[in-house]
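We just call them A, B, C and D in the order they show up, numbering each chain from 1.
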Amino acid sequence: MADAPPPSDKPTASAAPAAPAHVPKAAVPTGPSDPPPPADLAPPAFLAALQAAVPGSVAHVSYWLGDWTLVVPAALLLQTAQHLRDGADAAFDFCSDVTATDWPPRAEGRFDVIYCLYSTRLRHRVRLKVILGEQQPLASVTSIWPAADWLEREVYDMFGVGFTGHPDRRRILMPEDWQGFPQRKDYPLEGPGELLMENPIDWLKLRQSRDQADIE
Amino acid sequence: MFDTNELVLNMGPQHPSTHGVLRVILRLDGEKVVDADVVIGYLHRGIEKLSENRNWTQIILLTDRMDYVAAATNNVGYCETVEKLMSIEVPRRAKYVRTILCELQRIASHCLWVGTHAMDIGAMTVFLYAFRERELILDLFEEFCGARLTYNSMRIGGLPLDIPPGWDKKVLEFCAIMDAKIDEYEELLTHNRIWLERTKGIGVISGPAAVALGLSGPPLRGSGVPRDVRKDEPYAAYDEMQFDVPVGTAGDTYDRYLVRMEEFRQSLRIVRQATEGLPEGPIVGKVPRLIKPPAGETYHAIESPKGELGYFIVSDGKSTNPYRFRVRPPSFCNLQGLRTLCKGHLVADVVALIGSLDVVLGEVDR
Amino acid sequence: MAQAIAFYFIAACILGFAVLVVSTKDTVHSVLFLVLDFLFVAALYVLLGAEFLAAIQILVYAGGIVVLYLFVVMLVNLKRPPEAHSDPHRRTMLGFLLAGAVLVEVGAIAIYGFSQPAMVPVPGAAMPVTGNTAQIGWLLYTSYLIPFEIASMLLLVAMIGAIVLAKREL
Amino acid sequence: MIDTLVIPLLKIVIVLNATLVAVTYMVLLERKVIAWAQSRLGPMRVGPYGILQPVADAIKLMIKEDITPVRADKWVFTAAPIISMVPALIVYAVIPFGPEVRLFGRQVTLYITDINVGLLFIVSVASVGVYGIILAGYASNSKYPLLASLRASAQLISYEVAVTLTLVSVIMMAGSLSMVSIVRAQESQRMWYAFAQPLAFAIFFIGGLAETNRAPFDMPEAEQELTGGFHTEYSGMRFALFFLAEYANMIVVSSVATTLFLGGWLRPFPNVAFLSFLDFVPSWTWFLLKSFFFLYVFIWIRATLPRYRYDQLMRLGWKVLIPLAIANLVVTGIVKVMLL
């Protein structure tokens, strides 16, 4: 685990070559381009403190278009978040957004769960990013930022990311009995209309058999 | 001593004062709210998913459909995010016009808010007064872009059209009219005894609690937190404008009301400055013919009339549509606070609180 | 003649509705019949020339007290399952005994009234006022002063009791 | 025969019809006045200046489908609108529109009857009107109407106390419960009771707003909270009956206020002799004008004020109006005794 503030090349995310697991179609991006900060740019002050307080909390630091992004291991998310909220020079008290991005072919895990944080006192921003596998649970940050409650519900609803310790993990935008997670990349944009509305499971079966036919 | 039953009251999704299709399931003890479950999603159209399959320009008109009472603000937010991704410099004139449109839009949105909020509390006349003035703003927008509700009034890199001749004069005329009208609304409400009784001490939330709950915009400023994206992270031409950020002290419904009433005046001030100082020049920056931002992701926030409207957009650098398009809807995050706010209050206050959070369900559900 | 017909009609209605009050299954309907009953009692008062009493009867009983009954009945869910009616604590014999006792009492009063007629304590001659409103007022504050005051004390106590019961934390 | 049967019947028919027409036109008046207050025109399409709008409304309401919810208590559901309408109309029996006049060579009183407990009659009959609202809420078997009917009954009972207490102070002034005698007393004492009893007048007016469920006390039908309140489940003519009952009650309250506090059919300032040239105006005109004034104020208030919250309304009733009414009563009694 690196602890030097100006991070050199990191073994995660961008460094990994396209995973050969199952590459469905060509030209599907395999991950975000998290460019490392330029060498002459000083990292924000809270970063060193964070790395000292929670060792191994920052797997990768990225800077692009004026935004700092920290890639955090899933296991250390709660501690990192706690420190970022309470740390004197971090003071990220406002969780402005929680969202996710789906990279199906990526080997380390298909989801990026992204936390956009803001400090109302110090007026700076940072983004946290957690890379997560499909079945991998993630600790909920609702105990640290109550604001994350609905936002995490939406991530669960749309991507199927299972948050542990969430007080009220239900679907939020889609109906309770909805099948599938609409924002995943493999979820089709258009369904077959009424069949989908009335009997989504039949529809999924139908689609699977079609896919099967395509492969054969 | 007594065994009493709680009454479960299902408010909405069809209810006169849930502002669209919000559903609140109230658990009542008498008329007192014990718990409230806010159910949303009745207006979900999958705008985020749709946007991932439209090209960068087509998305502008999808953003219109989110906060449909402040469509121009949504347009500005989206275009600025894409401009940030592509590092496009927007000409000053376009920035000024954007500022004017955003602030007119804020006034229009607040007009709708003051009307419906007052209507929810039973003062029906303010509603019609406010809509009368909103009509004037819609006329201005109609003249600018031809539409009255969903404007599609921005382009990546600038504006689709320059302002029509004489439009700036009309904007200034409108400002003069509006000044007096705000006093008129305030006359009906601000010192009205019943209004005070209905709004003071209702839904009190402290500043830190509001920040923790993720409230933004007037509900956050009503609690005394001077957070305004226009000041803290200026966009468009706000860094060149003189304006104050009104904040409340008590954090109750009345303070949120006062904050918005003051925002009316501040918005007018900005509109005046921007219109009078409108620079000459081009209206579109250097935009490539094919809009295809480089691979990367960014988050950009602006201050919509409802609060912090953020766009998180991921571009894969290869295709002509975004890889991920995410909106941080201020109404969604503000509505989250409703449950906390309305506990212990009465049914009538729930209505007042929904009004004071000023949510638009098109934006909540997207 | 007309008065007699009116009296018997009203009396029949009063009795009929009274029976309906106790025989109807739905408690809210039962309360409604009670209201009708009170209205006919008021009509009887009008027939007797006591308009004041009639108006008070409607105002206090029909318009006030029964509304509160209705309140309670509406809020307390009385639609119990049928087996609840076979209450083990039900004392049928005791009920019949009490009813019998009431019947005997009423009979005794009726017989006493018929056997000892013309013992009507009308202090009308002593009253310096005329008109039934004024007369009622006069009687209340002279002959019946103590019962009147006791009744008002009772009401005060009841009111305080109600407040204590209803208010959860004092 | 003519005096005992025909004339009273004729009067009943006239008053009933006039009331119903007045009630339907009250609806138009309200829509017009509120429209003007809100800088718009109001109904303009049916007839010149929308003058025939009530007719159109009536036709619309009558041909609308009359829906009874499946789980409603059918009999009570049907009876409720009638119960709320009938008391509102019965009350007109004792309202004096004017004194005796000569019509076609015959001495005719401009009121249906003058019973010696007239005021009490009004109060008691009006109190029965509560049942319409409570039963509508109960019979609909739906939560919003139930909440509304609970609000309504609590509100009506509480404000009835305050209103009745103010009436008592008027009765003490006049020394009679008869409506006609109260007007005559104002004539002989050469003073409208609005000036002799300003506090009672104010309390009566506020209480009147509350008892007719008018803004700012329109909690039982608060559209924004309870989606229409006790008549949520009603449609067609049954809904119209509730609607008309509300307006009929408004007219009753205005008439009673006029009779008790503004000298009924008396001309303005009966104590000022040089205004006696006003006597050429028929007495009932004064009555109608004064009632109209109240109705106008009712509408005006609705266009201006927000709605009170339920608990604030109760607090106002019990903690402000009733103590004030009692204090007023005591003061009136003391003054009356000392002056005698």
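Side notes on the structure shown:
Everything that follows uses one rule, which is that a contact is a pair of C-beta atoms (placed from the backbone, for glycine too) under 8 Å apart; a residue touches a chain by one contact, two chains touch by 3 or more.
Predicted model, so just to flag it, every value in this text is computed and none were measured.
Across the assembly, the mean Cα position most removed from that of subunit A is the one of C.
Nearest to the common centre of all protein CA atoms is the CA centroid of chain B. Each chain gets a centre from the mean of its Cα atoms; for subunit B and subunit C, those two points are 62 Å apart. For this pair, subunit B with subunit D, the centres built from the Cα atoms lie 44 Å apart.
Inter-chain centre distance (subunit C to subunit D, centres taken as mean C-alpha positions): 30 Å. Listing the residues of subunit C that touch subunit D in their complex gives 26, 28-29, 32, 35, 39, 51-52, 55-59, 62-64, 67-68, 70-71, 74-75, 131, 133. Note for the complex: subunit D touches subunit B at residues 34, 37-40, 143-144, 147, 151, 215-216, 218-219, 222-227, 302-312.
Taken together, the subunit D residues at the contact with subunit C in this complex read 73, 75-76, 115-117, 120-121, 123-128, 130-131, 134-135, 138, 146, 149-150, 153, 157, 160, 177.
Residues 7, 9-10, 15-17, 31, 118-125, 128-129, 132, 188-189, 192, 194-195, 197-198, 346-349, 351 of subunit B are the ones touching subunit D in the complex. On the subunit A side of its complex with subunit B, the touching residues are 27, 29, 32-33, 35, 64-65, 67, 69, 93-97, 99, 101-102, 114, 116, 120, 123, 125, 127, 145-151, 154, 158, 171-175, 182-183, 187, 189.
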